[in-house]
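Both complexes shown next keep subunit A, but they swap its partner, so subunit B is in the first and subunit C is in the second.
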Partner chain A sequence: MTDVQIAVMKVRDILLVTMPADPDDLTVTSLQDQVLQSMGKFNARGLVLDISAVESLDSFFARTVVETARMVGLMGGRTVLTGMHPSVAITATQLGFTLGNVITALDVDRALDILADTKRMPGKK
Partner chain B sequence: MNSEMQGLVTILDESHIVTVRKTVRDLATRMGFGLTDVTRIVTAASELARNIFHYAGTGVMHWHILDESSRIGLELVFEDHGPGIASIQQVMQEGYSTSGGLGMGLPGTKRLMDEMDIQSQVGQGTAVTVKKWHQK
Partner chain C sequence: MAKTKSNSASPIADEDMGSDLSFRLLVQSVKDYAIIMLDPEGLVSSWNEGAQRFKGYLAEEIIGKNFSIFYTPEDIQSGKPEQELKIAAEQGRFEDEGWRVRKDGSKFWANVVITALRGPDGSLQGFGKVTRDLTERKQVEIALAQKAVNEALARRSQEILDISTPVVQVWEGVILAPLIGSLDSQRTQQLMEKLLEGIVDTRSTVALVDITGVPTVDTQTGRHLVETMSAVHLLGADVILTGVRPAIAQTLVHLGIDLGEVTTRSSLAAGLRTAMEMLHLHVTSDK
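Here is the complex of A and B:
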């Protein structure tokens, strides 16, 4: 039995979460709880979910990611998923799932850029 | 590193889905599959192991390395004594789901592998066999 802890880091007003390589279902589920509680606690306005260590993304994991992003959205935040491996992207597509409206970025730097852009008020570009 | 040609993993609780993934990843890597194929096989195994846990509670994954003259294959058989599948044709339809999932389980899994066969009897159980090949 693995006992993997997920660290939710707060960087300014963004939450940064790195998923472990091969998380069990409990770890994936606790991701959702921890993220949502941290959103409220830190008054965060965005989530960067980094999956660059993740070696395989099955439908349960993918569904939880999409759900979490939707819940973060209900709390007024935006989610950016980063670091998907090419092999994971190929497999996910063939398996048939889409990530819905979840924004993706190649790495954390770009994710922070995307979230910074949304901070600007309309018309003040 | 395991050098056997066959073996099994019992699926009794949720943590064994991770054991299945790890076992299959080690096997496929050792057999020389490329990274994308390894990821496909591991993901397919994860889906099938989760089906067992979800629908039957417990079961077993048997694995066999198939060594032919020009190609080598990995065969995975997921067996349970759960409720069985009433209509295999129905579960192989895109978008069909009884569990509120994404309904991509079996058709999606089939796309990741080279071969898939389902044997099932209502009240008796289910055996799903998948294979992936690569040239020597």
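Here is the complex of A and C:
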């Protein structure tokens, strides 16, 4: 039932996932399962998680994103989170949600740039 | 407002008023108006239910007392009660709105009409005084005025906030927020919103936050700045904090404020150079 809401797209060696506007806990859990299965199946090099439709972020979603990024990392991929809304970012900061060292990008284009250039650690000097 | 009434020598003032029993009963039982009579000296000579309700005195307590007891000390000081009677005697009628005092000391907003009562020979018999309690209306007026003032103030401080937190694009992919004045929670919130919106609108990946115009940095300000930077990171952009003067650098270290992974530079120029480097841009001269 929840599988319907998320499509994991494979573009070359990158996985692309767009989150629905108001993801419930089941959707978020199913996101992790599907992403990890696809990572194994396609031997992908990276994951782009687009949350531009998401209007509110809860702690469970934030934690799952961080965990998923670490799991993807263990499977040899890098995760880039893109398209966070300003209001979501403000709420997340004020509530003290941290995304650990998950890489963020303004949009999918830039996320793909980051994944294409694996030597460059974006943002940190 | 005060105008002469030619028929002020009305039957009320007449000797045979007492004989008109039903009329007296009417006046005495009216509850929505305080209708009282004063003698020419201003002493209370009759009292009705409305007066008792508004002012709190029983008829036996007040009859024979001077009517200035209903006025505020300031009004008594300035001779207002006597002045009102004088005008009423000269012009036949006096009308006023103002604060009056109840028996318990509380104030009420009253509309007062004082009419001179003259006998058939034209001699002054006393005064009729009709008072209405308009406190509720006055309170609504005061509340509305206060609300207007508050709204104007809120609008003004919003305008100041808007002016004091500009966010401008200085290069493709680089936006700048020059901060002037102290950073409180409200301004930081404003800065955060405008900076993040600016980043999304201009698709900028580097945001310069210049604190050259910020007089001092304390623990609170430091935390606000770190919050702003974290939010910017979440969007996928980077912040360079510029304008870190020697005094500010000392304060930050002495207070033990950790700005985390934020890139900092002493001047805006140095920050802009760093921003260019982050975008893999190089400034070269033809000469």
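Quick note on the criterion: the second predicted complex is superposed on the first by the 114 of 125 C-alpha atoms of A that agree within 3 Å, B and C clash if a C-alpha of one lies under 4 Å from a C-alpha of the other, contacts with A are read in each partner's own complex, and residues count from 1 in each chain.
To be clear about the criterion, a contact is a pair of C-beta atoms (placed from the backbone, for glycine too) under 8 Å apart; a residue touches a chain by one contact, two chains touch by 3 or more.
Treat the numbers as computed from the prediction; the structure is a model and nothing was measured.
Visitor: Output check: A:82 vs subunit B and subunit C. Expected answer is one of first, second, both, neither. What do you get?
Guide: A:82: touches subunit C, not subunit B.
Visitor: Which partner does A:104 contact after superposing on A: first (subunit B), second (subunit C), both, neither?
Guide: second
Visitor: Tell me the contact category for A:90 with respect to subunit B and subunit C: first, second, both or neither.
Guide: A:90 sits against subunit B and subunit C alike.
Visitor: Touching A:13, do we find subunit B (first), subunit C (second), both, or neither?
Guide: In the superposed model, A:13 contacts neither subunit B nor subunit C.
Visitor: Show which residues of subunit A both subunit B and subunit C reach, each in its own complex.
Guide: 85-86, 88, 90, 94
Visitor: Quick check on the complex: what are the subunit A residues that touch subunit B?
Guide: Residues 1-2, 22, 24-26, 55-60, 62-63, 85-88, 90-91, 94-97.
Visitor: Where on subunit C is subunit A touching in the complex?
Guide: Touch list, subunit C to subunit A: 189, 192-193, 196-197, 199-200, 203-205, 227-228, 230-238, 261, 263, 274, 278.
Visitor: Show which residues of subunit B lie in contact with subunit A when the two form their complex.
Guide: 14-15, 17-18, 21-22, 25, 35-36, 38-40, 42-43, 46-47, 50, 94, 101-102, 104-105, 107-109, 111-112
Visitor: Which residues of subunit A touch subunit C once you look at their complex with the stated criterion?
Guide: That would be residues 80-82, 84-86, 88-90, 92-94, 98-99, 103-107, 110-111, 123-125 of subunit A.
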